[in-house]
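A, B, C, D, E, F, G and H label the chains in the order they appear, each numbered from 1.
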Amino acid sequence: MSASDHAALSSQLSTPHVGGANVREVHDSFHGDLLEVSMGPHHPSTHGVFRMIVTLDGETIVKLKPVFGYLHRNHEKLGETVTYLGSMPYTDRLDYLSSMTNNWAYALAVEKLAGQAVPERAEYVRVILAELTRLLNHTCLAGFLMQDCGCSGTPLMYAFREREYILDLFESLSGSRMMCNYQRFGGCRVDPSADWLTGAQKLADRYGTFLDEFETLLTGNEIIIARTQGVGKLSPELAISAGVTGPMLRATGVNYDLRKVDAYGVYPRFDFRVPLGDHGDVYDRYMIRVLEMRESIKILQQALAGLPAGPIMDPKAKLRSFRPKAGEAYGRIEGPKGEIGFYLLSDGSPNPYRYRIRPPSFINLTVLEDMCLGHTVADAVIILGSVDIVLGEVDR
Amino acid sequence: MTAALILIAVFTLATAAVALSLRNLIHSALLLIASWFGIAAFYLWAGAEFVAFAQVLVYVGAVSMVVLFAVLLTRRSRADTVIARDSVERAISAVITGIAVFGVLVAAILKTSFARLSPAGVPPLQSGTGVSPVISAPTATVRDIGMQLMSAHAAALLIIGILLTVALLGAVVLAAQDAPESKQESP
Amino acid sequence: MDAHPYAFLALFAAVAVAFPLALLAVAQLWFRFFQPPKPSADKGAVYECGIAATGDSWIQFKAHYYLYAILFLIFDVEVLFLLPFAVTFTTLPVGALVAMLVFILLLAEGLVWAWHRGHLEWK
Amino acid sequence: MFKRDPEDCPLSQEVTPPPPAVTEAERDELRRQGILLTSLQELYTWGNSHSVWPLNFGLACCAIEMIAASMAKFDIARFGSEVFRPSPRQADLLIVSGTVTKKMAPQVIRLWNQMPEPKYCIAMGACAISGGPFKQGYNVLKGIDRFIPVDIYIPGCPPRPEALLHGLVQLQKKIQGFKLTGPDAPRHLRDDQPCNCPVPEFGEHDLEPPANPEVWTAPPAIVRKD
Amino acid sequence: MESPEQIRDRLLARFPGAEISVVTNPGIAAQHSLLLGAAHARAIAEFLRDDPTLKLDQCSNVTGIDWPEKEIVETKNISTPDPANPAAPPKVVEQKTKRLQLGFLEVVYHLYSITHRHGPVIFRLRTGNRTDQATVPSLTPVWRSCEFQEREAFDLFGITFDGHPDLRRILMWDEFKDHPMRRDYAEPDDYEWEPTPHGTVLEKTKAHYPPPPALVAAPTVLPAAPAAPVKGATP
Amino acid sequence: MSLDPLPLCLLFSSALVCLGLIGALARSNTILVLLGIELMLNAANLNFIAFWRYGPVTSPATGVMFVMFSIAVAAAEAAVGLALIIAVYRHQKNIRLQEANRLKG
Amino acid sequence: MTLPGPLTFLLQLPLSSAAGAADAFLERLPLVARDWVTSWLPEPWRWLVNSLLSIAIILSVFGLLFAYVTLAERKILGRIQNRPGPNRTPIPFTKLRFFGLAQPFADGVKSLTKEDVVPRGADHLLHFLAPVVLLAFSILTFAVIPYGRHLVPVELNAGVLYFFAAGAATELAVFMAGWASRNKYSLLAAMRALAQLISYELPLLLAWVPVVLVAGTLSTTEIVAAQAGWQFNVIPHWYVFTPWGAAGFAIFMIAALAESNRSPFDLPEAESELVAGHLTEYSGFKYALFFMAEYFGMIALSGMAITLFLGGWHAPSPYLEFIPSYVWFMGKLSALLLGFIWIRATFPRLRMDQLTRFAWKFLVPLALINLGNAAFWSLSFHWSGPFQILRWLISVLVVVGPFVLLGRKLSAGVAPRVYRYAV
Amino acid sequence: MLGTGLLQGLGVTAKNFVGSFHDPARLTTIEYPEVKTKLPEAYRNFPFLVTENATDPMGTLRCVACQICEKECPPQCIYIEKSKDKKPDATGKPQLFPAVFAIDTSVCMSCQICVEVCPFEAIKMDQVYEIATTDRFSALLLNREQLAKSNAYYHEIHPTEAAEVDARLAAERKAAEEKAAAAAAAKAAAAVAKASPVAKPPLTA
């Protein structure tokens, strides 16, 4: 790659390149032919059935085209054919690592659409579950990211060990490990018992210790630092323009957390901080998530301490024959992966007329190519890992 | 023992001959490596242990790499590894030349009487007994080589050192003509 | 029976080659008697993440690290000369030491030069 | 074929197929082949059943539970199956763990075809068996068994990791029942059974063909009133 | 944040002649939106993004909606004053008008401002019809986040985005011809094995199960097998 | 005679040298030419060893020394030669010997 | 001294003064047993059978070791990851589970009966040869390692050089495998393998030159012999207990990790990047051969590290000498292999440029400096008293100084970061 | 210094390795076929039909074939055919019953919506998960007989929930009886010649 190419490349990487078309043809025959390699849909590191068509010059990526749709399960179409309630279990299967937040986002949108109130206790329980989900999601993400970096499973195993503890909580509350189907319009399905709350409290108390150990294993590790720092840099301008949200946006230094901005639920009552990165590289994305987990523990502690008594479900809420008034609503929350939003258009029938999901990881992938150009295959893998995608949500 | 020598010779020559006549360069290179092994085996047969291993280390371990890289780098793009057929006339003339040279050499070898050259005490060949794996020919332990190298041939060593350095500089400069840019790029 | 000092080595080499071949032969026996081959077009196709492979992989490869090969070759030879020297090190006169030092420094200079010119960077 | 324990499958019907009747000729044959073959068979089935290496292949939510099954709490390694091979060439088991979309189906089938024999397939989760909750979707394949033969079905959405382990044990039992020769021998040990599953093409509205008739035929119709 | 009406007024001042109207949302959420004409959409989008008071720098959500052609029956109470007796209370006549609402495709954009932390501002673009004029200007050059979402709308709804740098199918395969999110999309028929069909699924299933003779006698709603051979037997 | 090792060795090496020669002359691919030359160098080394082993006794390790130096020279030659080939290739996209003489101009 | 040689040669070996009769018998047990087995053979055959027997013993011992290293790896990895690892595979024909000790054999049987697929477009010959060559050369490296006091298969004057010469050919096999498969991932892996192996061969070679320099020999047995004895009967005279030796050992082990494609240098088969790298198109027993060759290579390199730095088969303390030397060797081997596994369980993988940079800009200079260090150590062997301390000081400084400086340069620009918060 | 982070990492893994031999928190494996996880009460896998009486499962199904669950089940995996005639239920009241009640477990997403919407507490979630099978078509389609499980079984797997349900049902029954009694009294009093109305249970649970 010649110097001018590199200059062009780096300028491309740093400017908020809005064109979208970023096909670069570099062909200098000394440097060899370009090799077009398909990574995915069956590839150990694409976290499912994602596919990237990378064009390589040696090992350097000169072009990267993501291919979607291998897990396109027609979620939105199905949402138009089932009732509002019937869509709830489907949202579990969107981002299947964080079904609780998906549930919440959907419930929030429907509550907006139907003007449904939510009792305070349910709001607290939602916060608790959302933060548990955040812990779960970020822990797993760190594990998967490290797997992509080439760890032989150890961080992932530790992550999943902790995940099991959270899943146990979810399971004993909602009945299912992953597909909780727990939130309802106007509250939650079951009231957490005192035992459950002690369990959650215990988990919140010891999660910090686990994070310490996890960080000792990873954060100071020279190899990981070398692998991740300066890799996959994203500028705040491009991040904003590309609609990047969540930890990935905050890693670029943009202070935008819907829990603060939209102040939905009872979040304003809690004292927590929003960690911000300065480089927008893979390391920042990883670290922001780790730091967010520590904040989540704080929120958990506060929410568990302040959980009010009262009904878990609004008595006026309807389960069957639920027909919101015609109209539309867009509700969004800060999911672990970013802004997860639901846009609902009701025509007064029991099924939504239009049921649209704003999937954070799908939109975060917009900048994948920009982040990967000029890096090597090995970097592309961890950059993808640091975006934190779940295909169920990307392809829906 | 002669049998071993003949075996080694046949192996070496065959691999070399095939290597030089193949059209697939990768196969050529790999076969040539096999032939280098044969040569190393010959050194071993002759009792030059150190050189034999040196041959393997340098040729098989390093020269082969350079050759393979060169092959991979200079294939015309997308085309197969198979290179174009060479002209037949050239081949024929080359073979004729080769055979002529070989004839001259063989004649010279056969004419010479080696009896007087042979050092006393070299058994013509050792067969059978299996008791004494001792070789009475000149041996060159590493220590001998070292002593030689550092005394009689110290000057040569230095010359080799200079040669290697120059070769290094030359080869790198030749092969990496866009080096100055790459230096700018490297952080 | 030949008892050349390196005959054992030759035998060792022969066994070393025969060992994997023998194992493969055993596998072949199994297929001969029990498991008929099941070739198919897809099975014979190159794996590419489940996609039908496009393009050839035998391409002209960009290998800037060709330079490493050259460096390695030269240093390999250096090690070769280092060894006899090292073996005799304790018994050597000072002059020889100086000669060797010059030899090593010459080559080390090559390394420093390559480092300085950025040739040691992977591209 | 192994007999299914009624306790093993409390939800399912009594579906144990009667063992095929052994003819006199076959019995003679068996006697002739004798002890050597039997022990070879035992060794073969032992080796194959305890070294089932799955393909490192996840499709959707069920894949997470599959991963969880290989993690500390469930540890599929105890069965010798934690060696998740990334390349189909070294894998024995294809765990179809999740929704197979029509866009993905040709890839799954190609992967299956690229796995060397003997190979097994587990359809994990509702989606892999029948399309599951998403079966009404236009892009969802209604069960991977429309294209490739499935050995074990594990219903659930997602099945618990233990359910996957249970499925694996069932598979091991099935392998242990393999015969080396004769008409009961599994697919890969007989030369009259092809092992290639044609890969469907992407059509204008659907996959073409939408199912592989050699592998899948719908059972007798269930016709019901509305 | 300004209300949609304020924004409309400001936009109209800035872009005289642009077609901008406010679409009210009858629902409880009351998230009203702006309807923009295609001609000025791109310029307006840029204005929304760059305007210092709005600074809608994030386009969060882009989605298509299909509005097929439909017959709308409007019932109007028309009070016709009795010409004979103007003093009398006007006679109320219920008048039904049938109107064919033309089908169109709509794209909805949800904008937020990260700088000012406000939003959403919602606007919509509409195509002329659902077949040959299914084009709206692409806003990918304004917000990069539209890139994939517009491709998705193209794929699933068949909305063409004018000026999109890379408008290809994104979720379905390239050979696919239909636009599955349209409401008149007929999905491929693969209902061979449906043990629990009911509702619409049953209708589809029936095509695959010609009534087997054994079940003909059974009281099902399926059409009975033709009795033609019997007739033929007794001439 | 035929069992004498020295003439056998010499025959071996002369055959090898001729092979290298034929290869170097007949092939037009520069890499192969270079490899032919390498073979010829190796053949020379064979002779050194053969004479050291069976020739008149001189200093104990001279032959071996020569071979070592020869290996070093050959390595240097290979490095430079192949680097040259690559340099030529970069300019001409071709490594056929006949076309390489354009370098002169 | 060759092991296949007749028994009389063994008796001429200088026996360690501490070795009593019984322990000498133990020491020679394998040889005595072997010779007893072949004693009935006519003399001309004895050599051949003896040799074949030795080779068979080596192969079976290391074959078994390979099998159990893989099992140990899976189990230890499991333990580190809070799970027990394979433990359910019964002994065939029985129902005894026995901690899953039969697991590797089940895998072996499986691999043996697994269909062998060669892609159509591949270079069939090279595709077939690659695993054979690789395994053959990894087996060859076993020839010169002294496994015990009297147990060295073949004693060569340039034994260490032989070892590395034989090892040098393995990289070719990896290249062959990757290139012959005609698979894109394999090709990338092949190129990576080439670059990686050429980068780490050099530090590997340079790391042990100091040993040669101090021991003054290239023969493995003599190097082991040179490490006999104890300082004050406590600290063994192993080279690893000198500053240059420790540095050399560290460099050697790092390079050995890379040479045997182990984590964190497992780039050619980097699963998350290149699927299975050069092995992507290998199935059935050819794949098993690769696997075996890799472990053989790892075992051989560990054996060589023991020989060069860890005093070979010497006992760590004079009071433990009654344990036969080969047991010590095996013990040290297991410890090193455990280290390999431990590292694999902990570290992520490097990137290619970091890998080569680490080799050329860190290990090679360090190894060169260490060479000088060893020279100094060797020249200052007669320093005593306070000078002894000075000698240690200088030597340690020469190791640590460059390590810190080069390390700092290597990790320039990357460091743990501090993050800010928005409230 | 270079390497400290790596050493710390090695320390963590070593700690876990050693811990796996004595610390149960560091050897979390549940050795499945021998030991089984204790399932939480709430765990759900597939639905089953509650019968009042284990000896006569088909006769005492609580389900009255109202088909609400069939309609609400999101993936439509329930199939019900109403009976033609009525059978007395547990309280002796004549009720319709499902002539066919099939759930396709190869489709069911374990969402529990059928349970939530059933007004008669007739369908509940089972906890059996060891249902892997080699046979797709006949083994995964569960019919009425396979689905029916006794109330005692329900109490076994979901004790708390079942107790609540029983209490609620008892209360409802009592209310119904009282109402019926009141109605009968009223009938007797007013002597209205009409069949007593069937008490309709409330729709929402």
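The rule is short, and it goes like this: a contact is a pair of C-beta atoms (placed from the backbone, for glycine too) under 8 Å apart; a residue touches a chain by one contact, two chains touch by 3 or more.
Note that the coordinates shown come from a computational prediction; the quantities given were computed from them, not determined experimentally.
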From subunit C, how many touching-chain steps at minimum until you land on subunit F? 1
Which chains are joined by the largest number of contacting C-beta pairs? B-F
With chain centres defined as mean CA positions, report which chain is farthest from subunit B. H
Could you find the chain whose CA centre sits the greatest distance from that of subunit G? E
Separation of the C-alpha centres, subunit B versus subunit F, in whole Å, is 7
Roughly how many whole angstrom separate the Cα centroids of subunit A and subunit B? 60
Distance from subunit G to subunit E - Cα centre to Cα centre, in angstrom: 68
Mind checking the centre-to-centre distance between subunit B and subunit G? Centres are C-alpha means, answer in whole Å. 29
Which residues of subunit D are in contact with two or more other chains? 44, 56, 71-73, 75, 78, 86-89, 103, 107, 111, 114, 116-118, 130, 133-134, 136-139, 143, 157, 160, 188, 219, 224-225
When you check subunit C against every other chain, which residues touch at least two of them? 1, 3, 5-6, 9, 34-35, 38, 43, 45, 47-51, 55-61, 63-66, 69-74, 76-77, 79-81, 83, 86-88, 91, 121, 123
Residues of subunit E that touch two or more other chains: which are they? 171-173, 180, 193, 195, 197-198, 201
Listed in rising order, subunit H residues that touch subunit A in their complex are 2-6, 8-9, 11-13, 15-16, 28, 40-44, 68, 72, 74, 109-113, 116-117, 125, 203-204
Mind pulling up the subunit A residues that touch subunit C in the complex? 1, 29-33, 35-43, 51, 57-58, 60
Hey, which residues of subunit H end up touching subunit G in the complex? 1-3, 6, 9-10, 12-14, 16-17, 19-21, 26-29, 31
Complex interface listing, subunit D residues touching subunit H: 1, 4, 8-13, 15, 72-75, 78, 123, 126, 129-136, 143, 145, 150-157, 159-160, 162-163, 165-167, 169-170, 174, 219, 224-225
Please name which positions on subunit G make contact with subunit H in the complex. 76, 79-84, 342-343, 345-347, 403-404, 407-408, 410-411
